[in-house]
Every structure is written in C-alpha cells, then in structure tokens.
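Look for chain A in each of the two complexes below; its partner is chain B in the first and chain C in the second.
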Partner chain A sequence: MAEPLHALTALGQTIPYTKEIGPYRIIERFDVALASLATRKGRDGEVRAAAAKAGLPLPDPARAASGNPYSAFWVAPDMWMVEADFATHEDIAALLKPLFGEAASITEQTDAWVRFDITAGNLAPLLERLSNVDFPAVPDGYASRTVIEHIGCYLIRRDIGSVVLYGPRSSAKSLFHALEVTARSLL
Partner chain B sequence: MSQKNRISGGQIDRSKVLTFTFDGKTYSGHPGDTLASALLANGVRLMGRSFKYHRPRGPISAGSEEPNALVQLRSGARQEPNTRATVAELFDGLDATSQNRWPSLAFDALAINDRLNTFFTAGFYYKTFMWPASFWEKVYEPIIRRAAGLGSLTREEDPDEYDKGFLHCDLLVIGAGPAGLMAALAAGRAGARVILADEDFRFGGRLNAETLSVGGRTGAEWADSVIAELAALPNVRLMLRTTVIGAFDHGIYGAVERVSDHLAVPLEGKPRQTLWRIYSKRALLAGGATERPIAFENNDRPGIMMAGALRTYANRFGVTVGERVAVFTNNEDGLQTARDLVEKGVDVVAVIDARPDGPLLPGIRHLKGAEVVDAAGRLGLKSITIRQANGRTETVEVSALGVSGGWNPNVNISSHHRSKPVWSEALQAFVPGEGGPQGLSAAGAAAGQMSTHAALEGGQKAAIAALAELGISAKADTVPEAEDRPLSITPKWYVNAGKGRAWIDPQNDVTVKDIKLAHKENFTSVEHMKRYTTLGMATDQGKTGNVLGLAIMAGLTGQTIPETGTTIYRPPYTPVAMGTLAGRSRGKEFKPFRLTPSHKWAEEQGAVFVEVGMWLRTQWLPKPGEKHWRESVDREVLATRKSVGICDVTTLGKIDIQGTDAGAFLDKVYCNTFSTLAVGRCRYGLMLREDGMVFDDGTTARMGENEYVMTTTTANAVTVFRHLEYCRQVLWPDMDVQLISTTEAWAQFSVAGPNARKLLEKIVDQDISDSAFPYMAAGNITIGGLRARLFRISFSGELAYEIAVPTRYGDALIRRLVEEGKAFDAVVYGTEALGVMRVEKGHVAGNELNGQSTALNMGLGKMVSKMKDSIGMVLSQREGMNQPDGYRLVGVKPVDPAATLTAGSHFLEKDAKPVIENDGGWLTSKVYSPHLGCDIALGYLKAGDQKIGRRMRAVNLLAKTETEVEIVSPHFFDPEGERLRG
Partner chain C sequence: MIIHHPILGPRDAQEFVYLGDASLINRPDGLTAGVEAFYDYLYNRGNPAGEHRELWYHEQGDRSWLVVTRNTVTHEIIKVELARDVAKAAGRTK
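Then we have the complex of A and B:
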C-alpha cells in the first residue's frame, strides 16, 4: 500500500491559521467534516426518523442546530449541511449513508469549503461591512447563504460575538483577505 | 493671513487656527470652516472659472448644490478635481488650487471665449462642426476634448482605500434639519431602528444657519440637544458626513460616508469613504430646500450669491462676504438675510424687493417693486445697477449681493423612481408627487413645509405615520415653539432688461438667451431644452438653475410651469468618486481568485498562470534555459505523448447527481442516453440548449445505482449547475433528483500518456490493469488507504486517467505523482499543452462551443438521440440546422509546413475574392503541433465533411495574413483511438 498523503489547509498551510486583529479573532477550522444531506422525494418521514435516531438535528429553514456527534445547518428546502468532528468522521459520507439508506442523498462536502470561525465582543461592525445579512437583528442559530466580496458563503450566527463562515475552498485566500482588511479598518 | 471679513459669532472654533493654501498662497481659518467660508473670511471671492466662457466665479451657495466654486483639493496621487469648496471641510495644511484656467485664476487666456460668446450659443457644436465630416474625428473632437473638462487628475494611482457595507433599519431619515431631527426623535423614542444621515459635518441643517429659536433656545442648541439624546439611544445610528445618493429598489438607499475627507490623510487602515447600502423598511426625505436665483445681466460676478448663503456665512461661519452688501429678493425669506446682516453690524446698503407691496424693513433702504438689472466687477463684484419701481436706474457700490428667487424643495430622491414632482402655486416650487419610491415619504422643507414650526411638526407626524405602517406605535410629543411665518413670494424668474447675458446654470454657462434660442429653434420640450442648452447637465445637476430654466421656457411657450414639467431626476444626488463605487474591489483585489490544489506546488516551480474565469490555472511550467513559451509547451506535449504528463483539471465543474430519477433526469438534460450506463462506467455527454445549439459537454460517471458525477467545462461549471437546478425545480419538480456541486471538494489530476497506468500503479492500492479498469471505467479507489476516485477518460488521445482525492490532499498528490513520475520522465503540463493535445485529437472546446453551433456542426450529430425526449432535441431537427452544406468541423493544415495559421481566419476558395458572399467558414482554434511539426487548426467549414483533401485559403483581413491550407480530418492524432484504449 502506498504511503499516506499529507493534508494542507485551505490557506495552504500544514496547520490551520489563526489571526488576531484587535478584538477580532479569525480562526481557520480544519477539524470539521462536512456532508450534504438531501431528502429524496417522499422520504421525509424516514429521514427525520433516521436523523433523530442518529442524534442529527435537522433545523428549520435559515437555522443551524448543534448536536453530538452531528450538527447541521439548513441550506435549501429538504437539504442540510451536516457537520461532525473530522478526526472521527473524516469519511463522513460513508458514515452517514448507512443511517439513511436510500431515503437521502448524501455527498461529501468537507473540502469543498473553507471554514472561518470569527469572534469578537460584537461582530456587527465587521459583518455590516461584509454581508447584507442583518447580523444584529437575526437570532442566535441563524444560518444563511450570503455573498462576501463576490464570494458565495454560508453564515451561521452563534451569538453577537461569534460567527461561522463557510466559503468556497479555492477562494479561501481571497475571503481571508477580505476579512483581514475589513477587520483592520475597524481598529 | 488676516481674516478681514471675519465677523462675530458662528459655530467655528476660534481657539484654533488652521492654515491652508489656495493657488499657493497661505491663508488661515478655523475648525468648523469650509474651504469657501475660510476663503471668504480672507476676502477671497474669486474661486473658479466657468466651463465654457471661463468667466471668473465665486461661490453662490454654502452647500452641496454649489455650481461655481469648484477646486482641486490636495496634490499628487490624492489630487481630486471638481471639489465643491462650499462643502470641503477645512483642515490644517489643506492644499487647494483653482482649475480650468491658464496661466492663473485672475488672468485666464481662455477667457477669450467670453468675448466670442456669440459663437458659443446653445447648440453650437451641432451647428459648427458639421462639415467637412472627415474633420470631426481628427480635428474637431481632439480640440473640443482638450478644451473640455474642469479639473485634472495626476494619473497616479489613488493611494486611499474605500469600503462598502450594508445597514438595516426601520426608518431611514435623510437629512438632519428640524424635520429630520424631530422624525428621528419620535422614531428613536419609540424604539424603532433609526438611521439619521446628513451630508453636512454638523447636524442641524438650516438651524445652524439661522438666528431663529426653537423651544426657547437657538436652533443650533436645540439641534445639539436632540443629537445628544439620539446618540444615547442604542437603536439610533447617527451618520454624519453621509450623503444619501439615491433611492433604489425595495427600500434600498445608497449612501456615501466621507470617513476621512476632513483629514489630510486617512488614519492608518481607515477608508477614505464608505459606500453604504441601506435596507430600510421606511424612509423619510427631510433633505430641506435649495434656494434659487433670479437671473439678471452679469449675475455671475464673484460676490453675488444666494441670500440664504450670505446668511449662512454670517451666522454659521462668522463671515461677511463683503463690507457693503445688498439683497435682491422676491420673497419674505430674503429680508431675513438683511436683518441678520444688520444685526451682525454689516453695512446693508439696499434691499431690492421685486414685490411691489408690503411693509418696509425698518432702518434699511428697502426698495419695493425694484430689480437689479446689471452688475459690474469682473473679478469681484463692485457695483449693481438697480431699476426702481418708477423706472429710474441707479448704480450702487457693493461688494456682495444676496439674491433670493424662492426655495425649491429638494425633491430629487423622491423622484428617483421617475415620480413627477407636482407644482405648488403657493410655494412657486415643485413638491414631491405621488408614485415615488415605495415606503418613502417627505417632511419639512423637502415636502414644502417651509416654516420651522411646520418642519418640526411635519417631521414628527411623518415618522409616526411611517412607523404605524410597520406596527410600531410612536408617541406625538409637544412640538417645540418656533417661527411659523407665512410664505410671501411673487414669482420672478429673470429681469428682462438689456442685451447682456443673464446666467441660469452658471457651471455650464447656460443663459436666459440660450433658453430663448432653444425656444426659437423649437427645442421647447423640457428634455430637448436640457440637451440642447446643457442646462442642468453639469456636476451640480442644475440644483439651483433647473426650475428657473423651465419657468422661463414656460413663459416663452405660454404653457404653465407644471405643463412644462421637469426633467428626470437620477442618482447620484451629488457626485461620487469612482473609488467609492469600486470599494475594496480594485487592483489585484478586483475580483476574488480561485486557486487550484496544485497552486502552491506550481508556484514553487515558477509556473506561468492564466486567469480562467476566477481560476488561476497553470499555463505552462518553464524549465531553466527555456526562453520562449513555445519551448516549454512543445516539451510538455512531446513528453506526455512519449511517456506521461500530469495536469491539474480540478477546475472542470463537478456536479453530484443523486436520486431514483437521476438517470432519467440525465436523459432529459443530455441529448444522449445515460440511464443505461452501467455502474462503474462513464460516458461523454453533450448538453443542448432549448434552441438545439450545443450548451456544454463533458463526461458523466455512474458511481452507484442512483448516483452520478457529471463533469462540465470550466467555463460553464456555474451555468450548467444553475441550468440543472432550473430543470429540477421548475421543469420536472416531480422527479426524485438531488444536486450539489463538488467541484471544490475533489482535487483532480489528469495523468495521460503511454506510461500513465504504470505511474498510477505505483500510487493506487487497487489493480488498474486494462482488464480490471478498462477504457471509460470509473470507480472509487484508495491511495494508501485514502479514499480517492479514478476515471479512465482521455482528452488528449492518450491512455489517460483522471484521479481525484479530497482537496486537502491535492498538494500531496501532485508531489507524489511528480516524485513517482521521475522514473518515467513525467512532466506536469499546463493549459497550453492541454489545448495543443485536444486540437491534435480533434476535441471541441470553448472556441467551438460558441453558442452558435449544433452537434451536427461539430461532427457529433449522431449523439442526438431521437429515441427519447431531451432538451434541445426537437429544435435541433430544424431544417435550417440540418443542411448538407452547413458548417462542419474540419482539421486544417498549411500546405507549406513552415507557414503559420492565424486563428479567426476565414476560408476562401482558391480564386475567390475576400467578400462575405464567398466566406466558407472560419478557423476556430489554432496551435502548433510539435508532434506534426507544423501549425494545425480546427475550423467550421461549409460542407466541410465533403471537402476533406481540398486546398483553400485561410484569409485574415484584420491580421493581413493569407495561408494556403489543406482541409483534413479534425483527428490529427491517432484517429483510430488505439492509444487511449491501450
């Protein structure tokens, strides 16, 4: 068997990058596995039952929900993105498929995205310069597709001082640059 | 440095002195000054030259409506032309210069235009530059372009940063005068989310410029107290130096915040300006009103300005424009200027009141039924000529004249959705009409509520009404006491005396005569008049002059003013710097980049990258000693065909298609069949548009019973995904199909060449021999236990595979392939070599998939299955698209192998003239084939399939090239496909 391959983060490093800019902390996450889960036509009940059994939340539209071992956020009608710890769920699609059988379509998405967790006392001044999401007004657990500097992203609000951004992995450097210069402009 | 015209009072900080320069001369001012107020304090009235006649000009306003006092601020890379001195906030070290003059502001050679004014009347371009026609481009236009324009740019890159952002509110209040403040207060106290934006650097609007009282305090003090309360409310956002520039769809407003313009240089990391997109549930226009002039002969002398501006300079800035002042008015408000100036100790020598009746001002020479007929003083006002009610004229020495022809409510933003403002006879002005931007109302002077009391009350009422629509209950508080005097105005647009010119639009040098000429020449429609005379087409958009112009036209045509109507109001309300619109998207940050998984490795190798959409792809990888790109590309091609080459093909779109109807779905979107494809196999697919033209192509693999992976071209990855989503959601919502893009999730490399299998065998864990993994096989494999995918497909005509791993392992995979490939002299090749090999093999790509070509054109007609229905199948059968003499894909070789081909050349028969009737088609893609040792090309040729072996000419009239060519099969290389099945 061939030697295992090494992994690089979306920002091209061997270890994930963390940047502190004044009160803002931007953390590249490399430890989350991701898969899409879409209900097949007419199989909603089976999917919900299987999800409940597996401890996998299926949040309402525009919402994220945490669970163990799986968390999820809504992305489209009858479709969610499922998160899990990468160390234990690297092949997340293969782990999910047996849970749902032919009731759901499951696709690996881990490396389709770069994830940045951003924290500060109040993220509203930063996010109002990046996204048209009404960040101070939406509730904790809000999840939405949005555009940041022409880049399609998912935004999940944990609380007013904590947000998760998923952006396309190939544009990780451009997205990080936008976060960085915007945070700097607020110092 | 003496500020000889500085008088007492004002909202300037006299404890601090700021020095600044204008045209190299040093002056002083104070914090709270504008450049215009500081220059006037120093006795400088002359600040600019007009656009056409180069007439000497001074400010006529104290606000953003200013047409005259346009200057260049700063120097070097930060030099900004056409800045209004009346809103430029003074800072220490400000460096301003006048513009549109040579050699100096006081002596301008091009002022000769003023002497030649009879030639420069309205429409002179159209009349003068008609003949000879050939002169226009080479003679007239260059001359006009040289003469046109006001300020200049240094052409250095703007060193400042600009930002963008998004704000949300229940109520956006535009303008922080009495109406805006009361509205914000009512809404803020009710707990609504409020944004209060004002273009000034001090909240209060006209309250800062008046001596009136509000609630027993001065207007400015009352404004300060309201701002203090609003600032303490967490639900209210105060935005100073912020101009709302336009109303857009769905309650969205654009606003420019001048974050750093009041500083010499922006603070480290801070933007110069921020463009905000404000999402409002309701908006209130409280933008006040703009005073308009009365036109009379030579009314553009420096020192003549709006009466309200004269008052602003005195009350807010502590400046008198001159020692001896007169006021010319047709309304009550003009008299207030005289009163305030007298109160400040300024010598008001006369008030010329066009109204014949009414009480006289005590202690001032108040001439009723009089008018100003002329003014003298080329570089600065020296005297005015007054015609009294009895017809007697007299000349009075003055250095400043305030003119008031009434006030125009600032209806611009309420008219940005083409709502027509309506005429108010009482105000003699337009007020906002019906049908403006949804959710926008108006209050205060902007709505024609002209007294302070009316504005305060109107602002509160409008806010309460707007919030009620949102279900927010706001309380009506006691409106503070304030003046509520009735408006008294007698229409007076211009003084009809003498033969001289009377200016309406001073920036574009439009005079009453021009309007009369437009009328004579039948350009009487208000829109025609605007274009013919250029009235209101300067950077100030005619804020002071437009109503005057159309009122004069109304008088000439005999129509009423409302019948004459207004021109269209358009954003932006005031000029916006291009950098502000660009925001952070400039230079190398103009757009985000997408980097391939092998980017880091390729960068280390010194690869040359090419932009493909947002992707940066390796174009070729030069080796030491290679001086020309062709050397690198030829080497990459030859090495691949000889042994093995590796190419990053991650950029190709990858779409995961699952569901019990996935196969049936693919049968509908592809013109060929996929439902019969065996699991573990892939197939080339062709996708048509509804009109039968080819949309995209690529291979699709069946990874499971209900699971396919589609590959698209790089260019169409997004459009194909969108198309599939449309099909799934709209055309066939009952189908059980789920889609998601996996383009980014997998790092995918092509490994091509006779030794491709040998190389991969060193890496993958499974048996991939030809029998175990035959041509067009697809499946999941592992590399050192890591999940991976393998597809046996070829774009080069070689034995080839595409191998994919989760993207984080892409860097490791390219390094592993290169390392293991050393035993085979493997190369990594870029998009150029990829292009060469696909042309050698006759594969269509972007140049052939041009949106105008059918499967038949491409030689792929048999792929369109008639056994099933699919998008585009029916329309691809149209007679016109199936003619035997239609375009067919052919190969092209020069007869002389040393000759070169030019892409885009057109096919002509040997003796045919190069005219459209003889056009046989065109050459779509051209490369140099190191394998064949000559240029080769693909092309679309009429009846091309019947012309194989024919000699023709490839002619390019643009490049002036002509090459004798032989038409050949598009499959230059291994036409039987033995290598790729090897």
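Then we have the complex of A and C:
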C-alpha cells in the first residue's frame, strides 16, 4: 500500500522539533490552526456578539486571550489572529466564516507562520537580546508584533518564563537559528 | 526617537516607515478639481523649519497609518493621531 502523505513541519521535519539549550527550551508547535479575523466597516457589534456566542475572545489592543475552542491575539485595530486546535479545527477559516457571515473578513493563516514556544525560568535575558519588547515590564497576556533578527514576528507573553513566537514560515529556519544562537550565547 | 502611538503607547521609531507630508491624505479628484490642483498635490511640498505633519506607517507593529506632528528643527513630537481618524474628521467616508 502506498505510504500516506505526511505534511512537513516548518523546519522541514516530519515531527515538530524541540531543542533544549541550558535552561531554554524551544518547542516548535505543529498543532495550532490560525486564521485572521477583521471586522468589516460598521459591523463591530455583530462581530462581538458572534464571537461571544462562539467562545472566541476578542482581546484589547496588544493583548492575547485564551478561550475554548478558540484563542485570539490582537494584531491591528479591528483585527485579530484566531488560534484553535489543529486536530479539530484544521479547516479553521471554513469553520469561522459561517459564524460571522458578511460581518467579518476571515483568512486562513495556518501555513503562513511557524510557531515556537520558548520556556525557561526567566526569559528576560534571552528576549532583551532578540527584540525591543520590554519583556520583564509588559504584563502577562501581552501580544505585539516585533522584529527578531530582521524578521517580523508576533510575540505573546504567557508569563516571565513562557513566550509564544509566530514568525513567517518561509523564515522558520532563520528564526530558529537566531533563537538557538542567542540562547547558546547566554550559557 | 520614540513615537507615542495612540493605541500602543511609546514605540521605537525604527518600527515605523516614513511616507512624507500628511497632506497626501487630501487627494483632489483628478477629474473635477482640475489639473493644477492635482499637479500641486502630486509635486509641491512645503519644507517647513518647524512644525510639520507627516505620515508614518507602523510596519513592524499594528500596521496602522499615523499622522505625526513633529518639529523638524527640534525633532520634538507634538501630536500623534491615527490617520483614519484625521481623514474621518476631515469628512472622508473611506
């Protein structure tokens, strides 16, 4: 029987990659579906009502919020990135569109991004070398676009020892390299 | 230089891209306003030593267009507004 086709991860492997460097643990995530949601002009009320009904949080500017089944982080005025479990929401845009009808524009984003979760006791020494976000000062749940080694990324602070990075999938290896080299330099 | 983004607070100017004079928002209708008005819009810019309203784009941030009022002599930033609010206040519908 023919071997079934397997999707490759952003780093080109068959399984997501995890790397431990001293206290830093970099985990490639391959199990999150993504879609962007943008409110259409004058339809804010409808979008908020539909989102509340669907269990989809719409956090304030520069914030991320977790929910079930959907989580979201703010990316621009009237625009959010929506996250969901890949196993149940692989076709996330098609699942979201009927919920919002003509009130919002929804675009599939899953394969446009690579996601790295990084954990350590304290991520401040690593992130202050990588990005201009004042990581120790911003609150938990902070989400912002930032630049890491000339790569535009989204950064979400879970807590002082846990961060989520979304970078462009086509630069996945470069971003991973930047994280790895910087973590190594701190040992 | 730090730009105080109206939504996101103080952000490094490196995150922004500079476009130029904020009068670019007020494009005349090329068919009705006449060729002179359009020529003026397209080619003529003031170059003030002092307060200047400029368009900045938050490319490495929330992708919003801002109107920044800046003193070109001292580099002091006097006011930062969302360009869409400026356009709406001027009567634009889009």
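Just so we're on the same page, the second predicted complex is superposed on the first by the 182 of 187 C-alpha atoms of A that agree within 3 Å, B and C clash if a C-alpha of one lies under 4 Å from a C-alpha of the other, contacts with A are read in each partner's own complex, and residues count from 1 in each chain.
In this text, contacts are C-beta pairs under 8 Å (C-beta built on N, C-alpha and C of every residue); 3 or more make two chains touch, one makes a residue touch a chain.
Please read these numbers as outputs of a predicted model, since none were measured by experiment.
J.: Classify the contacts of A:N132 with the two partner chains as first (chain B alone), second (chain C alone), both, or neither.
T.: Touch partners of A:N132: chain B and chain C.
J.: Just checking: does A:A62 make contact with chain B only, chain C only, both, or neither of them? Give me first, second, both or neither.
T.: second
J.: Can A:E46 be said to touch chain B (first), chain C (second), both, or neither?
T.: neither
J.: Tell me which of chain B and chain C touches more residues of chain A.
T.: B
J.: Examine A:S144 and indicate which partner it touches, taking first as chain B and second as chain C; both and neither are also allowed.
T.: Touch status of A:S144: second partner only.
J.: A:E180 in the overlay: touching chain B, chain C, both, or neither? Say first, second, both or neither.
T.: Once the two structures are laid over each other on A, A:E180 reaches no partner at all.
J.: In the superposed arrangement, which partner chain does A:Q109 touch: chain B (first), chain C (second), both, or neither?
T.: first
J.: Just which bits of chain A does chain B share with chain C as contact spots?
T.: Overlap of chain B and chain C footprints on chain A: residues 132.
J.: If we count contacts the way the header does, which residues on chain C are in touch with chain A in the complex?
T.: Chain C residues touching chain A: 7-8, 12, 14-15, 59-64, 82.
J.: Which of the residues in chain A come into contact with chain C in the complex?
T.: 61-62, 74-77, 132, 144-147, 152
J.: Could you pull out which chain B residues touch chain A in their complex?
T.: Listed in rising order, the residues are 161, 163-168, 193, 269-271, 274, 277, 279, 584-585, 589, 591-596, 599-600, 614-615, 650, 656, 658-661, 706-707, 734-736, 738, 740-747, 762-765, 783-787, 805-813, 816.
J.: Show me the residue ranges of chain A that touch chain B in the complex, using the header's touch definition.
T.: 1-10, 12, 30, 36, 38, 40-42, 79, 91, 94, 102, 105-113, 128-134, 137, 149-151, 168-175, 177-178, 181-182, 184-185, 187
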